Amino acid sequence: MLALQILIDGFAISALYGLGAVGFTLLFGVSGVLNLAHGGIMVIAALIGWQAAGGLGLGTWLGSAVGVLAALVASYATYFVVVRPIQRSRAIPREETEIFVLTGTLLWGIMIQVGMAYFYSDNPVTMRPLIDGVTNIAGVRTPTNEILIAVISWVAIGLLWLLVNRTRAGKALLAASINPRGLVLLGFELDRIYLMVWTIYGVLAGIAGVLLASFLGVGTSNIGNLTASAFSIVVMGGLGSVSGSLVAAYVVGYLETFTAYEIAPTLRPIPALILLVLVVYLRPQGLLGRR
Amino acid sequence: MSQGLLEVAGLHKRFGGLVAVKDIGFTIAPGEILGLIGPNGSGKSTVMKLIMGIERPNAGSVRVGGQEVAGWPTHRIARAGIGIVFQHSRPLHRQTVLENIKLAMLPDSLLRLAASSHIEARAREIADLVGLSEVLYRHPPTLPFADLRRMELAKAIARDPKVVLVDEPFAGLTAAEVRAFSDLIAGFRAQGRAVLLVDHNVKGVTALVDRVLAMYLGERVAEGSAAEVMANETVRRVYLGGKIETHARPELDARPGRPLLDVRGVSVLYGKAQALQDVSLHVREQEFVSVVGLNGAGKTTLFNAICGLVPYFGNIAWDGQELRGRKAATIARGGIVQCPETRELFGDMSVRENLELGGQHLTAAERRSQFDWLYALFPILPARARQAARTLSGGEQQMLAIARALMMKPRLLVLDEPTLGLAPVILEQLSKALSELRRTTPITVLLGEQNVTFALPHADRVYVLEHAQIVWEGDPARFAEEAGAGYL
Amino acid sequence: MARALRSPALWIALVLLLLAVSLPWWVSAYILGVLTVSYYFGVFAMAWDLLFGFANEVNFGPTFLIGLGAYTAGILDNTLGPPIFVCVAAGALVAMIGGVLLALPALRLRGPYFGLVTLVAVLLLQNAIVIFASVTGGEIGMNVNDILSVNAVTNYWIALVFIAVCGALLFGLSRSAVGLILQASGQDAIEAAALGFNVTKHKLAAFCVSALFSGLAGAMLVFYEGTASVGTVIDIAIAVQIIIAAVLGGRRTILGPAIGAIILVLAGEELRQLGQLNTFVVSAVALAVILFFPDGLLGHLLRRGERG
Amino acid sequence: MSKQGWLRPTLFAGAAAFAFATAAQAEEPIRIGVIGEESAVAGASLTRAAAMAADDINAHGGVAGRKIELFTYDDHSSAADAVRAFQRAVSQDHVVAVVATYISEVALALEPWSARLHIPFITTGAASNEISRQVHEHYDRFKYTFHGWLTSAFIAQSICDAEHDLLVEPFRMKTAVIMSEDAAWTTPLDVRYEECLPKAGLQVLDHIRFNPDTTDFAPIFRQIEAKKPDVIITGISHVGVQPTVQWRDQQVPIPMAGQSSQATTSTFWKDTNGAANGVITASAAAPGVAITPLTIPFSEAYQKRFGDSPSYSGYTTYDAIHVLADAVKRAGSTDADKLVAAMEQTDMVGTVGRWQFYGRNDQFTHAIKYGPGLITGVTLQWQDGKQVTLWPAGAANGKVKFPSFIHLPAASN
């Protein structure tokens, strides 16, 4: 019974973690960027979606769409205002671009956090559930919304998989993550590829954001944690490895849920953190990473 | 065995499956200079790293003045008396030349915060010796390339090592500078140090070395005086190959009208190193033109300039139009397709996927016909279609790389070092494929090679590139007697 | 060392120092109070720069070291209550141990991986403090019984002397033989080793020194503010501020980061009228600096000097 | 760059000093510092209410002819920023007293400074017992600090009293599970819960503390359900929206009562999309509830001026300013020690009840007195988008009402 509960509760939250992390890792894989404004972009989607749905009365679904759109815009802004200028700057030595992108996106994330807090206060908000009511799974009363969220997350991830492995554009994306130079030699414009990956990233982060708002509720004060957890999950799974991130997301999600049930709700985040340190230390390339 | 300052014996190094160094051994006596030569991928640089402890040998011994140092951490080996002059290094940008030299003399201690006084004086002496006295207080970023190399040399001298390893001592230097450096290195002999010069070919180091050891594919192929090694059969085969047969088609170049590709006075600078100097060449429709030259001569740079991958001075015209300012991808789509020496395959993707990416811009029908044609040209590929490119053998990877490039239906195929590190059997297959290509299609090819046997049979015309300049141009048939010797 | 005297950075710093000395006679106690805090931040930033600028290790968690120092000192003071300087020393010591712990992964991991470990270290410390609330006061923090002084001017002098001494030591170190070796190791470990330097040893030392000063400053800050809390000495936001300060002032200059920190704190205070938006403005400015003067303010000046 | 950094403020200081010097000839205003945080609902109410209080007082001729002048600062909920703001208020803006913060961490960080700088300081929202304990233990050092809101212990007490009247009596509830965030302010709260809930007739079946950063509450609710209590007694402030939403989504059949600070804010219904329906929480006051004759006028005026209703810290701050003004009047001076002495004598009716402070011999020195006829706080419930007051009976304007998914003991057994 308890095991089943953990199984069910852990599933949706893990799926959400996964969805949040997948875009992040894809972005790194293809363009080598670790976007520390990640949490900020998710929260933009959540807050604007919430306002569109409630304040502007567009309803949950339309509102969510608006939220995702907002995240997309934010993702473009991150690329064009922060990341690309840094990558192209002559004044920044090649070997230091990485740390500069990290610092830059970090600052950008703070700007987003404070800016959003200015308009929406730092109270967490929640989208109305996409569907109301609860479903009884073998005696475990589960919000139907939670099930739907897990489903949507997986559909989104599935679509991503199809895009990358079945479409021409996706193949190019995959190729870029393996060997960008080779791609240029075949006459592909890397700029287009990057634009595409930032688009995908924006949409994924947006969906994750609105789902989070509808599932658990989210506010500007969560931004730090959201970024940190995406970062850790991605590193744990192996930077750039999509499947790795998914595995890691479930490991973390279940570990947290299990801790909350079996050990103590106060210790919820700790085992995951310790595990992360161990993984990074003993297997720096991550669970499924190659290097 | 003779009492040498540096004694290397039975050195072995494996990287995963491939054996990079196989049972290499030699001795260098005090005041002796040994040249270690071999083409790229022959493992000579690895040998140097193994001696210095940058890589750990799987087996073998390295003795300095009788002391076994194999497997030690680099800094202890250095303290044991081995110094190295890197080809590329990153000096301290915020410190002056003088400080950079002093750095090399500091003790490896956390407590000695201030450098002792005599160091200053010594550093100045060394600076004078290598000819840096003019620029003592300049910062490295503001120095010309030759002076940077001088500084590296100075740092090595400052450590007063018993053994000095020098990696490609003359790369990127002008004739005058080469002379100056030769004298400095000769100076080591006078000081009774043991010197190991690592370079691509004998020619560069003949004047300097007492003995030469030639490597190929990780193995020792010859040892002896420079003259002996140059005369050695195997060495000749490695560099020149054996007997050369050629079938040029001079009529092609004789045709009137403007050439398809026209390179005029192109120069390229890497930082401060002159990688390409006022190079001019042209390629006509359907011609097979070979650019032969050793690694580091500038072939790859030339090709990258043509493909828009590096900035250059001078002009490159494609089918009458200036290429300057076009993005690499645009040029590639415009018909100039490069198959680089690094191959740049998509390792985790299947052979078929690699080819499909090459044919992205084709219609489905075109792609199908291309597939059929290429699969016929390289029969091994269809058998491997589902396999990940990473898992292919070197030869198969090379064929895939070429096939992928051809998939794009190029008007000009730029083929850079296709033979790099490949076994003779594979070379034959590649060679067949090229002649096939030449016979059956109107394609134009610009081939860069250091392996002349491979390059010449397919060439209508040959250019020889040396020290960033074109030094010879002409009919492959005349190559052997006119350029061959100078080439070794 | 001879050249250290020729360094423009040193002269800029000296001029600013003289200025700082003169302040108590003509600015309000409040501004002295703000500067006092900014000086401790200055030391944080300098210690961070020693790791990043010289050893080339990107430490996202300087507050891990600072927090260790601060809380050790605070807890010691509230329990055994030895003289303040003993508590501060203890804090510095514990921070140093923390530094070694941090160095272990650093010597194995590269770039983002190490960065993440430092980040996690902070989160773990943060959680630990909440869990052991009985001694640490949990997230609402702890008041320490003793403080350095109530008098703003006295506090100012203490902080000024502190930053001056730390600055001198760190700057001297960075220009000393060891500093050179460290810089070489950071820039090209292989070549440094080939010159006969034990890179591991020097990097480890760098971590210890950086940790030592972070811990010291952290402990001092506690005894100045009279409270230690997650929000004031451990929170990631503080770490970010320190990093911004270093980048703003100019990495690899030791003194630049200190100046950056002071500017940052003052700016934050100046813009207090903007309420919550001041953080936004400060971050935006910092971002602009990163984009347009990646060398930072002092770094920019020095670069000019070198080119000339 | 750094030059103007410190030059500019000095100029301000100089100018300000000059201005006040001249003003002093006439009636020098009483300067009071207010430290809040704009981006938090409670923090914003705090500064706004202070402004209203000052305006009201000044409109009625000020204090013995002296106007009240406020200096407002934003501390971003950071102790460090608050300390700096406090220093600025004292040494640059020369305030005579400071009203600040609803966050215990910040209040505790400010307390030693009010002691060092001898500046009376009232916190109008923090709950930690520590604040008044320190005053009690080191009276001479900390006597300048006053606790303008119920301590955790008294919040717990008022909740026990309220739940007894609201749940135990009418619904025959017998058992409860305590669910509180693992924070310093809840430690004393829980201690008092443990002892007063049984007295109130609710046997405590279990006691769950969780990490304040928790976002997924499903496990916690399931654990609680397994215990089959009649009611969940909360002690949450850092979280609020999330547990409430999941309580609704998961349709946890057990009512939530106790202290949920976020639920006292007017935006809570919107933030939770109505999941708040049926949530019961303690608060200082509620809109449209006449705890005293002053309550409604204030909340309506606030509503008119700022568009939403004040959170609990708004009411207490509004009163605190009046308490200060009243103390200044009685002390006839702004001298810190005289002021403290006067404040200790405070007996004044405000918007949340009748203000008195415990003396130095009471356990909670300088905290406001709790009890019927003094200050009890109110207990309210979200019903269809409105906060309905249920307790104390005198102020009640509605009855307890639970959403459909709640099983009441009557039904269940």
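A, B, C and D are the chain letters, set down in written order, and residue numbers restart from 1 in every chain.
Heads up, the rule we're going with is that a contact is a pair of C-beta atoms (placed from the backbone, for glycine too) under 8 Å apart; a residue touches a chain by one contact, two chains touch by 3 or more.
Just so it is clear, the structure is predicted and the values come from calculations on it, not from any experiment.
Engineer: So if I look at the partners of chain A and the partners of chain B, which chains show up in both lists?
Structural biologist: C
Engineer: Just curious, how far off is chain D from chain B if you go by their C-alpha centres, in Å?
Structural biologist: Inter-chain centre distance comes to 75 Å.
Engineer: In angstrom, rounded to a whole number, how far apart do the mean CA points of chain B and chain C lie?
Structural biologist: Roughly 46 Å separates the two chain centres.
Engineer: Indicate the whole-number Å distance between the mean C-alpha point of chain A and the mean C-alpha point of chain C.
Structural biologist: One centre to the other, that is 32 Å.
Engineer: Please report how many Å separate the Cα centroid of chain C from that of chain D, as a whole number.
Structural biologist: Here chain C and chain D have centroids separated by 36 Å.
Engineer: Give me the residue numbers in chain D that touch at least two other chains, ranges are fine.
Structural biologist: Correct list: 39, 182, 211.
Engineer: Mark out which residues of chain B touch at least two other chains, giving numbers and ranges.
Structural biologist: Residues: none.
Engineer: Scan chain C for residues touching two or more other chains and write them down.
Structural biologist: Counting only residues that touch two or more other chains, chain C contributes 127, 237, 276, 279.
Engineer: Throw together a list of every chain pair that touches.
Structural biologist: Every touching chain pair, ordered by label, is A-B, A-C, A-D, B-C, C-D.
Engineer: Provide the residue numbers of chain C that touch chain D in the complex, in ascending order.
Structural biologist: That would be residues 16, 23, 26-31, 33-35, 37, 127, 130, 133, 137-141, 143, 147, 150, 152, 225-227, 229, 231-232, 237, 259, 262-263, 266-267, 269-270, 272, 275-276, 279, 297 of chain C.
Engineer: Could you pull out which chain A residues touch chain D in their complex?
Structural biologist: 5-6, 9, 13, 54, 117-118, 121-129, 134, 141-143, 145-146, 216-220, 222, 225, 256-257, 260-261, 264-269
Engineer: Which residues, counting only chain D, touch chain A once they are in their complex?
Structural biologist: Chain D residues touching chain A: 39-41, 44, 182, 208-211, 213-216, 218-220, 222-223, 240-242, 245-246, 249-251, 262, 265, 267, 270-275.
Engineer: Where on chain B is chain C touching in the complex?
Structural biologist: Per the touch definition, chain B meets chain C at residues 52-54, 73-75, 78-79, 83-84, 86, 89-90, 92-96, 99, 102-104, 106-108, 110, 112-115, 139, 141-142, 155, 159.
Engineer: Can you check the complex and tell me which residues of chain C touch chain B?
Structural biologist: It comes out as residues 1, 3, 172-173, 176-178, 180-181, 183-184, 187-188, 190-199, 201-202, 205, 252, 302, 306-307.
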